[in-house]
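Okay, handing you the structure first.
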Amino acid sequence: MTAGLTNAQIAWRAAQDIEDGAYVNLGIGFPEMVTRFQPDGRQAIFHTENGILGFGEAPPPGQEDWDLINAGKKAVTLRPGTAFFDHADSFAMVRGGHLDVAILGAFQVAQNGDLANWSTGPKGVPAVGGAMDLVHGARRVAVLTDHVTRDGRPKLVDRCTLPLTGVGCVTRLYTSLAVIDIEGGRFILREKLPSIRLDDLQLLTGAVLHLDGTPADLSVPEM
Amino acid sequence: MDKRISTLADAVAGVKDGATVMVGGFGGSGAPIELMHALIDRYLATGRPARLTVINNNAGNGHVGIAAMIEQGMVAKVICSFPRSADPRVFTERYLAGEIELELVPQGTLAERIRAGGAGIPAFYTPTGFGTELAMGKPVAEFDGRSYVQERWLKADVALIKAETGDRLGNLTYRMAARNFAPLMAMAATRTIVQVAQLVEPGGIEPEAVVTPGIFVDAVVHVPDPAQEEDLNRSGARHPKVTA
Amino acid sequence: MTAGLTNAQIAWRAAQDIEDGAYVNLGIGFPEMVTRFQPDGRQAIFHTENGILGFGEAPPPGQEDWDLINAGKKAVTLRPGTAFFDHADSFAMVRGGHLDVAILGAFQVAQNGDLANWSTGPKGVPAVGGAMDLVHGARRVAVLTDHVTRDGRPKLVDRCTLPLTGVGCVTRLYTSLAVIDIEGGRFILREKLPSIRLDDLQLLTGAVLHLDGTPADLSVPEM
Amino acid sequence: MDKRISTLADAVAGVKDGATVMVGGFGGSGAPIELMHALIDRYLATGRPARLTVINNNAGNGHVGIAAMIEQGMVAKVICSFPRSADPRVFTERYLAGEIELELVPQGTLAERIRAGGAGIPAFYTPTGFGTELAMGKPVAEFDGRSYVQERWLKADVALIKAETGDRLGNLTYRMAARNFAPLMAMAATRTIVQVAQLVEPGGIEPEAVVTPGIFVDAVVHVPDPAQEEDLNRSGARHPKVTA
């Protein structure tokens, strides 16, 4: 089995598609890495659910201000032009379609665009945060994910079996092996690692990968 | 990112025939006179944009601003709460002649419908208007033993807004009660065009003092010393100026 | 026929019922006079629909700032503690039940609390402003009005014949002849001018005036 | 008018058994630690208030604030979007033991329901949650070809809020992202109790800089140098303090 991209490399690939001046919300955890890989000359404006637009990178340790945090409760910094607002205005931005891109993690994504990323079932403590709002608000909803689960089962599926976050909401997937669009209820393969054969990629995918021309090479720097 | 546009003419160049245009302000307070007059100038020069639907609390006063837009024949419909003013003749005459359509909306419902448009809320329930003519034909529902009217969101193609301070990211503050509908309209329009009296560098507005964050703004034009509708009307102004 | 109170006297009487610290919205026109008659030692906080709380009196002529106006588009002034806000927040105050009192004018008030004050029928240009929101928001909705129309017909009626502003919303009326509460779908006479007999007052009223004990004298200073 | 109350104990004295209590803050940012701890102190001294429903984005972290309220046994139910944190043990253990009820609400829906409660909107439609477990049993409607879930307003008996600056009329500002839910909760509670780090005279806040106008506030307590939940948790703090 081919070595897939690291989380950082997946985040790098997703960052290449973010335009200068785009308004972007990054999910808690792994998607937060997208900020590190903005191409030169482009500056996205990052939104966090708890009421900040246009914040900057994490401060040096010991210099955190705990009133200046992101949705993951990690400290961030001010930049010229940062704005604060309340939660109603923050989700007006989300739900009202003002964000260009939301980038989230996933447990499962179905070929019809359904996303499951908040609950693995009735055990434990459920927690949803802002994910259900984000998937129905942003113009583009992108998912960053390993192509398969830790035990090797497909995360890209025919139908989600886990509780849904949103119905028909995902528009693009960046996985450890490929870049895939969702259009008309189908997975459309746009890019794949040159090191994996199409047949093998299909075997790791739980629904048919459709082609729209020859897939490009998924090319990411070593890091 | 730089949302500045250098001329009023360029700022309003994209407004299309038949567009729905939200205009900030309550009476003269917050009225973006210069943006409206630039739109009139374009219409007089090119015949466009025509057949506009204008959303504002009022329907114009005197012969400037919204009244001038109506007077020059650009406006097919007005959505407002209170089409009366010190000098409402322009609207009144067209309305009574059947030449302009009016959708009358209670003021709080108008504000909430616009906010809903900006916030992705397609419909909500309000007690306002229940049992009155203005709720006729609208769905009604009971919650906790009280009756409410269902109202729909209101969106626009364009919002014309007057702000006090703005930066090139589109962050805005407003002067006193000139704020009124502007922050809501900025959220609810596909393209929000703002005239600012003071243009500052990003960071020139305290992050906690930003009233409209830049995400809701598409274009910023610097208009120092903007005209106040009330002052124009007291001096008998018209737009375009009548030349002897 | 007895000489009734002037508009200023009606406004004076209404002002006596406003408690210190009450949040009050005054309708355009005649109700605006209520601000002049606040009893010594009491300070109401006035709200105007266009986004000001705690504004002060009109400025001297020539010193108006036309960004600092009330709902009637008249210039007002700042006081220490004035706050500005947008129209959504302003009507959240109204609709959300945060105002203690709204004081409006009327064309007709029915004994069931229905109010008609925005339209005299299909002729002319209709205009509603914030009245329909105010009547369903404030804890007390008081009406200031002449007891009868200019041509002597009752404004207090069995049922409104003019288009309604709100259903069952009025709680108290201050008229040129009396103070009347609306309770349980009935007019309850609380005060009347000593100079008018109860029988005569009833003749000028379009529905039964109920008593709850002897009505007090409606006593207002000369002005 | 003077909404100042001189002690935290007096400020929270009126909270009743079974009350619904909105608590400002997102994680530790904006958490009114001193007000919550005063409420705990009263509960430990008098047994009241018990069986509270707490509304917050989260369900506590460590052993202070909401976590301490839960740990001391005052809380019967939590309404929140995200009951996880760096140290969520207090909530997690009670929840898994079936000793505390949880109503899980998507974050934006939680914010909008609270705003609706404050704004007199009994119900609204949102796309959020459509087709998911969290919308089960809720009315669904279609607008312009898209499906939406009907959500109800959320109100509370009491809101506990942390603000940066306040005056005796109740006008408030907030520090950076500590604003989050506070302005909404201040609107939606019957009684809104605020701890302010700086108490100023009326007029000490610029009229345009007021974020929460005083009409939404009932009580103001001056708490200079308020504790930051994150700092408390990093130092292993507990409330009440464990005495050796």
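Order of writing sets the labels: A, B, C and D. Residues in every chain begin at 1.
The definition used in the following text is that a contact is a pair of C-beta atoms (placed from the backbone, for glycine too) under 8 Å apart; a residue touches a chain by one contact, two chains touch by 3 or more.
Quantities reported herein were computed from a predicted structural model and do not represent experimental measurements.
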Of C-D and A-D, pair with higher C-beta contact tally: A-D
Centre-to-centre distance between subunit C and subunit A (centres being mean Cα positions), rounded to whole Å: 56
Distance from subunit D to subunit A - Cα centre to Cα centre, in angstrom: 30
Between subunit A and subunit B, centroid-to-centroid distance (C-alpha), Å: 37
Residues of subunit A whose C-beta touches two or more other chains: 84-85, 88, 91, 94-95, 136-137
In subunit D, residues with contacts to at least two other chains: 112, 115, 119-121, 126-127, 174-176, 179, 207-208, 211
Pairs of chains, among all present, that meet the touch criterion: A-B, A-D, B-C, B-D, C-D
Subunit B to subunit A touching residues, read off their complex: 1, 115, 117-121, 167, 169, 171, 187, 201-203, 207-208, 210, 213-216
Residues of subunit A that touch subunit D when the two form their complex: 48-52, 64-69, 73, 84-88, 90-91, 94-95, 114, 119, 124-133, 136-137, 163-167
List of subunit B residues in touch with subunit D within their complex: 112, 116, 119-127, 141, 143-144, 146, 148, 152, 173-176, 179, 207-209, 211
Complex contact set, residues of subunit D against subunit A: 26-30, 57, 81-86, 88, 91-92, 95-96, 102, 104-112, 114-115, 126-134, 174-184, 211, 228-231
Contact footprint of subunit B on subunit A as seen in their complex: 20-21, 23, 43, 45, 47, 53-54, 78-85, 88-89, 91-99, 136-137
